[in-house]
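Before I ask anything, here is the structure I am working with.
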Amino acid sequence: MTAIDLNSDLGESFGTWQLGDDPAMLDIVSSANVACGFHAGDTLTLQRTCAQAAERGVVVGAQVGYRDLAGFGRRFIDMAPDELTADVLYQLGALEAMCRVAGTRVAYVKPHGALYNTVVHHEAQAAAVVAAVVAYDAGLPVLGLPGSAFLRQATEAGLATVGEAFADRGYTPEGTLVSRREPGALLTDPQVVAARMVRLVTEGRITAVDGTDVVVRAASLCTHGDSPGAVAMARAVRDALTSADIRIEPFAGRG
Amino acid sequence: MTAIDLNSDLGESFGTWQLGDDPAMLDIVSSANVACGFHAGDTLTLQRTCAQAAERGVVVGAQVGYRDLAGFGRRFIDMAPDELTADVLYQLGALEAMCRVAGTRVAYVKPHGALYNTVVHHEAQAAAVVAAVVAYDAGLPVLGLPGSAFLRQATEAGLATVGEAFADRGYTPEGTLVSRREPGALLTDPQVVAARMVRLVTEGRITAVDGTDVVVRAASLCTHGDSPGAVAMARAVRDALTSADIRIEPFAGRG
Amino acid sequence: MTAIDLNSDLGESFGTWQLGDDPAMLDIVSSANVACGFHAGDTLTLQRTCAQAAERGVVVGAQVGYRDLAGFGRRFIDMAPDELTADVLYQLGALEAMCRVAGTRVAYVKPHGALYNTVVHHEAQAAAVVAAVVAYDAGLPVLGLPGSAFLRQATEAGLATVGEAFADRGYTPEGTLVSRREPGALLTDPQVVAARMVRLVTEGRITAVDGTDVVVRAASLCTHGDSPGAVAMARAVRDALTSADIRIEPFAGRG
Amino acid sequence: MTAIDLNSDLGESFGTWQLGDDPAMLDIVSSANVACGFHAGDTLTLQRTCAQAAERGVVVGAQVGYRDLAGFGRRFIDMAPDELTADVLYQLGALEAMCRVAGTRVAYVKPHGALYNTVVHHEAQAAAVVAAVVAYDAGLPVLGLPGSAFLRQATEAGLATVGEAFADRGYTPEGTLVSRREPGALLTDPQVVAARMVRLVTEGRITAVDGTDVVVRAASLCTHGDSPGAVAMARAVRDALTSADIRIEPFAGRG
């Protein structure tokens, strides 16, 4: 029986400002990319999200980001590598404390937002994130974009790496994501998305934006948690996968 | 042979803004109260300070504070207990990561600034800090003011507690600190301060502001690190203690 | 024909986090208490909210608060008066710039959240806010709680003052607000609230929580913008007032 | 009699963290680039610096920067133009309030740190800063690097522009600054620097790093305020200029 991981970004509320429906998503996914307070996530939200994840057996990963609440971590910051390494370490430890009191632990690392996109190609920042993970716990896997500098460098540094596919994004014939500025970038029909994900898991293929088939290898599927209809789409993906006898299970060890 | 701990607040620079001479103080003290980023301490400073402490065998404590960079954690914030607990947990974990990569660990907890003063009497906030330490690691001792609600509650919760005396502060005949608004609050002569500390350690007594003797029990002496002459005073205290055959050693286990 | 002002807290989104339905509320109220970035309000939100207010002829007031995004300005901070004065000045100027480019100006000042509640009784902080307004523009009216230290000091300092009533709050027989910890603190039926406000404007009376009548003098009615049903309730209040031939108009001069 | 402006970055302390000797520099320069709270400058420091400048007849400019205290505004942030415009407006207004209560006004705008360097070549961000100044007050001159996209766009938008030279920096034969990574980037001898500045003002020329002469046109000379020896160097430059019968006077109108 085939298995796949479902991941989603969670813990992204901040104080009075709520974002997404974390409890609902935690009933669907197997891995929770929990914010670490730099791009989002007040400390009480982080503590509660880790506790809710642990209660449901959902594995917690640290979603580390740029220190930029106003920009939600979506703006590249040209940080020096040693500063970025220190920022990642700080966030890892902070979330670890929340996991510890919830009886679980940080089980993997996934960069957020602009940092995620930057380490696809920015070798120095990718190296800085990898250095933080290696120094903190060389047994932690990292989750990122297949083919990225980040996953390549992580592999070279001896880390386990996990590539992910995006459930609601269109793919080019080359297997990269269609730019958000172009048509076909975002898929909104839950049934279409669900069927694509079943095919991706069972056949390793997906229909690209031009109608051709493209090979996509991913051990985790990312479903977004903060857009309208997010929960419904994630639920549709999960249901379609389980109906196809695909188990939903985390790629990383449970706490 | 008698022994005593010397502690000081360190790691309080922030980005381009430098504060104190951490390397010099780390050659003097046995315990470093390292800031955790909320009242002071950029992440790289925290990482470096923990590394420098570990290199010298200085024990690291987490100096947790209010999230208030503009006020340096010196302004009371009327936080709800669950928010304060979460803030303390976050800071503990963040500093733990810096300790971990330096080959050491957070060995105790000391509140900073307004939080330090608040938990002397504010039962709810004292309970919130104690709850965080108990949840995080009930084996961690806490450092605070003798007679405070904080140390009392910590004891009741099963934590080890350590009371401290302040090297450069005047004491009332009742054994409390002379208010900073009154004469005799601050002592500036290194030799006078050093002699007082030797007497405190050997006799358990100190001369109060009115000339009478007062009993002060303390297992740690706090020397401030960020005032002019701070290093010279701390050095004088250390030299006087060792000349009196008093060993300087941390109260908490080394990493 | 009688007239009354309707005010509401607006501009309280922050980056990706949305709060309230500002355009809808701006179609209802005559005065917008716009956040100034310290407790809420990213800069682009502030700019847009001021522009939207100006387009509709809604008067803009500066809703100054504690610098505490994580706490949404709802936690008392024990600031020194000179620091608080400087924080208020900074916020006033920042919002003024947003008004200026929108073709309007800051027309009054209203403290937010914990600062609002604090200056009801805290003389030093009340004085600090008053000092900021006097220094900035002694022609600016201030909006606050009738009977508060803030409005008394403002009057003594020569500022125009405006007392407000809260549409959705219960009142004690003494004319103060029922504590949120007690029954009857919050009113949720739009029609009940609307009828109360009409009576308050026409008769200067309101039914207290114990069923007796109480005199409440207010030149402005505060309707909350960020709770579920907020827009509907504010709309009901406005419609009832205008049906009763009461004009809705700002107490402060239009830009 | 020739005249030149001397400018320096001031108001860059933050809370407990002090930076530079603002009163000393204010006795030397004619224009103060005062921080606006985003990269540096707590509100009380800003208020006091503006007051001290006004007392001495020193003109105040708004030194707007990225919102990045941890990085002191020295890290490029890939902000969207509308967000950057709003950030600049917010800072302009905030500093204006401090000027207003000091009896002066913001008389010019100078970007800080990474924003200064970015708008040399980044057309979109340069346009965003120019748009903010135009919207706020099209009569405000801007201060920047000669030949930059920023000054070119500002000119095209109808703003008055002022180019500056850096007193303590080496120049290439092309008239650009020697990179800080190369030898000759920084000059440390006050007498050498002073003589260069006199020649620059009187002859419009300076000796480049290769010994050749290079033409540099500048209506303002920037002297740094936060490095060791900064005050002495600024003083030497001022003394040499006045000894050469060059008046030190602001390029922008006094408040």
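Letters A, B, C and D name the chains as they come in the text, with residue numbers starting at 1 for each one.
One rule holds in what follows: contacts are C-beta pairs under 8 Å (C-beta built on N, C-alpha and C of every residue); 3 or more make two chains touch, one makes a residue touch a chain.
Just so we're clear, the structure is a prediction, and the values are computed from it rather than from any experiment.
Q: Same or different, please, for the chain A to chain D contact, judged on whether over half of the interface numbers appear on both copies.
A: Same; most numbers are used by both chain A and chain D.
Q: Quick one: how far do you have to rotate chain A to sit on chain B, C-alpha fit, nearest 5 degrees?
A: When the C-alpha atoms are superposed, chain A turns by 180 degrees onto chain B.
Q: Taking each chain's centre as the mean position of its Cα atoms, how many Å separate chain B from chain D?
A: So the centroids are 41 Å from each other.
Q: Using CA atom averages as chain centres, what separation in Å is found between chain A and chain D?
A: 43
Q: Would you mind listing the residues of chain D that make contact with two or more other chains?
A: Only 42-43, 70-71, 83 qualify.
Q: Within the complex, which stretch of chain B touches chain D?
A: 13-19, 40, 42-43, 69-72, 74
Q: Quick one: in the complex, what on chain D touches chain A?
A: 67-68, 70-71, 75-80, 83, 114
Q: Which residues, counting only chain D, touch chain C once they are in their complex?
A: Residues 37, 42-44, 46-47, 82-83, 85-87, 89-98, 100-101, 135-136 of chain D touch chain C in their complex.
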